[in-house]
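In structure tokens below, several structures.
Same chain, two partners: subunit A is paired with subunit B first, then with subunit C.
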Partner chain A sequence: MAFYASRIIQILPYFLKGLLMTIEVSGISLILSTVLGFVLGILRTADSKLITRSIGVYVDVMRGTPFVVQVFIVFFILPSWGLQLEPLPAAILALTAMTAAFICEVVSGGIKAVPKGQWEAAAASGLTRMQQLRLVILPQSMQTILPPLVGQYVLMIKDSSVVSVIGVTELTRVGWQTVVRIPEGLMVFTLVGILYFVICYPLIRLSNYLEHRLSLQTVKL
Partner chain B sequence: MLINFNFRVIWEYMPLFLEGLRNTFLISIVSLILALMVGILACAARLSRWKLLRAVSIVYIESIRSTPLLVQIYFFYFGLPTLGLRVPELETGIIALMLNSGAYIAEIVRAGITSVPNGQIEAGISSGLSYTQRMRFIVLPQALGVTVPPLLGQAIVLVKDSALLSLISVLELTRCGQELTSERFMPAEGFLTVAVLYLCIYYCLKPLAGWSQKKLIFREEY
Partner chain C sequence: MIVFKNVHKWFGKLHVLNDINLHVRSGEVVVICGPSGSGKSTLIRCINRLEKFQQGELYVDGQALHDHSINLTKLRADIGFVFQQFHLYPHMTALQNVTLAPVNVRKIDKKEAVALGREKLARVGLADKAEAYPAQLSGGQQQRVAIARGLAMNPKIMLFDEPTSALDPEMIGEVLDVMVQLAGEGMTMCVVTHEMGFARQVAHRVIFMDAGQLVEKGAPDEFFDHPKTDRAAQFISKILTH
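The block that comes next holds the complex of A and B.
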């Protein structure tokens, strides 16, 4: 046991490298999926039935299938349709596609939570549709959007562990590679778990804090 | 794009897919029932008067919620043997799913119970109801309405989470897609069929969740 513990300290740098990879993968996907998710979420509240329906189907497909299956589809099937991706871009594509669907739901929910009168008042003030959205609706919906948005980020960081199956050497993959050589499953995956905890727990607290903080701002009638 | 799609292979492997579907279904149901028990226990501990119980439950819930399910699965899969326990893959997977969903369910149940306003409980006390009576007649009926919709949501998540058991070679739905990939190298046929079958489960559960949301949460009306 002590022997293995010293070896794990020896290979700790690899874990930190894995952690960096996890942060890199989720960081890039986080930015991309936020942008895509907001665009989709705003379009989801559009008047056109065709747009809202097709986004709805996309969201359902993303929410209805497990992330592993999505990863396999991106990694194994897209090449046969002519899109050959390295593991890392494939992982980012899969994570972005899934998280964007979830963020889309959060954003459209937040926009719908703003009372209709606000749209009407903004229109009556002579603002264009874009201005109404940017200056009046979005700032107000942010307080509904932010807490679950941070929650989605946590889910995404956790889901990024799944991309280890296509060979991205992030944290979980490092743990898996280590456990094959050092048969101390409990210790290795406790360490991996602790490293995830270090990133995710503060974000969960942030989400709770935002929820508490922003709910205080709503004027209760 | 789908020109080379081989439906005959899908048909040939249909018995395997159906077995996988059945296993996914069974794994999810069993894990859900176990997770409900774990969740209710953890929630009771979380709300208990004893500090130690509360601390244990908080550590359990937070550490589960802050780590990926895959890491938890590997933890049990590689960890239990080092403790000298030989647990088959399926049981290992169910233990991981149970503990994972249990933590989320504990939070759902707690949100339900704490959503009942204090005034209701005080009214119960002043009507002379005992603790059990207050729980039974005032808190639980109201908490149940708030709890059922997110529980159904958790059930959907659980079905999807069970896909990760394929990585420790439990034969469930996703594993069938992997088999088709490794035996015939037909990932498109395998994983798209798997995805469609998961969507079928999803579309069965989703209306249920939506319906319960509408029917059971009457709180938002005032």
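The block that comes next holds the complex of A and C.
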């Protein structure tokens, strides 16, 4: 037991560094994918069939292919089209592109869940389409959007482990690097798992809380 | 104020508006009735372009609605619309519901808007409900807030799409009272309703629609007591025995 403890103290700094990288990759992707996801989700509810279908194709492709393949495409195939990225920006691009597709669905679902009469009432009073969205529709959609949105963040943090394959030294890659050097393989990946759980768990609780609050409000209305 | 000239509209193959000709003068109160699916809601929804139509001409307050380049927000800002299902914004208080468009469309000062909003709420008898959310209000109160919301834009025309059909019977009166008062003040109003008492009391004209056609128009008493067409007579006998 004492042996384990000293081993953990020995390797922990590396894991914390990996954890920080995981947080950095996920955090930046989280912000970018939220912005992109909302823009796409809003456009997905637009009147133009061309726009909604194009986004639909994008979303289907992102949802229907493994993330590891998407990471490879960004890192190994885009360079032949003239876009050569370092591992970190490539990882952020891949994570953002995938998560934005999921967020797009969450956002457009939330917008569509608002009754059509709300759009009509807002339009009838002279608000522009953007004002209708910003002042009337989105504030109501947020209740539906937030719980699954936070859920997407959790999935994204876990999926960020995949970018270890292109050499981003985040938590999972630190795990791989460590496990070949020391004999306590089980302990290494238990530690990796615990550290992921530490950042995901608060988000899971937040998502549950938001869902609970949402169901209360539905009852009130 | 509102002029329909040979207006046609189709939903796919369904001919929902069939050659509508109608002239509503400023200050006039027109009641539109007819069986469900006759196109009466569609008709008034065309006036603020919640619905488009495919053929004919429609002029509202001098603007040509068949011309697709018109400024829709400006048109709608001058027309109040009251829905059957109220459609108040559930995340805002009554006062916020009423002041949203004045602040964001008319760009009036927030303080001024609050004063205006309170005045309009007082006018529909809900001065004490300014801070209440729609979910805390009865149906009749919600519909009166919706009317105040329309009035807050100082509209030239008020459109009502079955404003009392979703209400419990005991709440219909309070909404009709507000509308009667409004009519008395000279507001131009188009009201889709089956409330005959209201029609007889304030309408200048009653219009009867069936299957997308404007079948009959006339003074309320004349229309209800001596309908000219069989279809109108049948309809009136049904709402009377109902």
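Simple rule for what comes next: the second predicted complex is superposed on the first by the 213 of 221 C-alpha atoms of A that agree within 3 Å, B and C clash if a C-alpha of one lies under 4 Å from a C-alpha of the other, contacts with A are read in each partner's own complex, and residues count from 1 in each chain.
Simple rule for what comes next: contacts are C-beta pairs under 8 Å (C-beta built on N, C-alpha and C of every residue); 3 or more make two chains touch, one makes a residue touch a chain.
This one's a predicted model, so the numbers in the text were calculated from it and none came from an experiment.
For the composite obtained by superposing both complexes on subunit A, the positions of subunit B and subunit C are free of clash and fit together. By the document's definition of touching, of the two partners only subunit B reaches A:164; subunit C does not. Of the two partner chains, subunit C is the only one that A:139 touches; subunit B does not reach it. Counting the residues of subunit A touched by each of subunit B and subunit C gives the higher count for B. Applying the stated contact rule after C-alpha superposition, one finds that A:189 touches subunit B and leaves subunit C untouched. Across the overlaid complexes, the C-alpha centre of subunit A sees subunit B and subunit C at an angle of 100°, to the nearest 10.
Of the two partner chains, neither subunit B nor subunit C is touched by A:153. Looking at the shared chain after the overlay, A:127 reaches subunit C, while subunit B stays out of its contact range.
Touch criterion not met for A:38: it reaches neither subunit B nor subunit C.
In the superposed pair of complexes, A:60 makes contact with subunit B only, with no contact to subunit C. After superposing the two complexes on chain A, the shortest C-alpha to C-alpha distance between subunit B and subunit C comes to 18 Å. The contact sets of subunit A with subunit B and with subunit C never meet.
For subunit C in complex with subunit A, the touching residues are 48, 50, 73-74, 76-81, 83, 85, 87-91, 100-101, 104-105, 135, 146, 149-150, 153.
Contact residues of subunit A toward subunit B in the complex are 60-61, 63-70, 72-73, 76-77, 80-81, 154, 157-162, 164-165, 172, 175-176, 179, 183-186, 188-190, 192-193, 196-197, 200-201, 204. Put simply, subunit B touches subunit A in their complex at residues 1, 4, 62-63, 65-72, 74-75, 77-83, 156, 159-164, 166-167, 174, 177-178, 181, 187-188, 191-192, 194-195, 198-199, 201-203, 206. For subunit A in complex with subunit C, the residues that touch the partner chain are 115, 117-118, 120-128, 131, 135-136, 139-140, 220-221.
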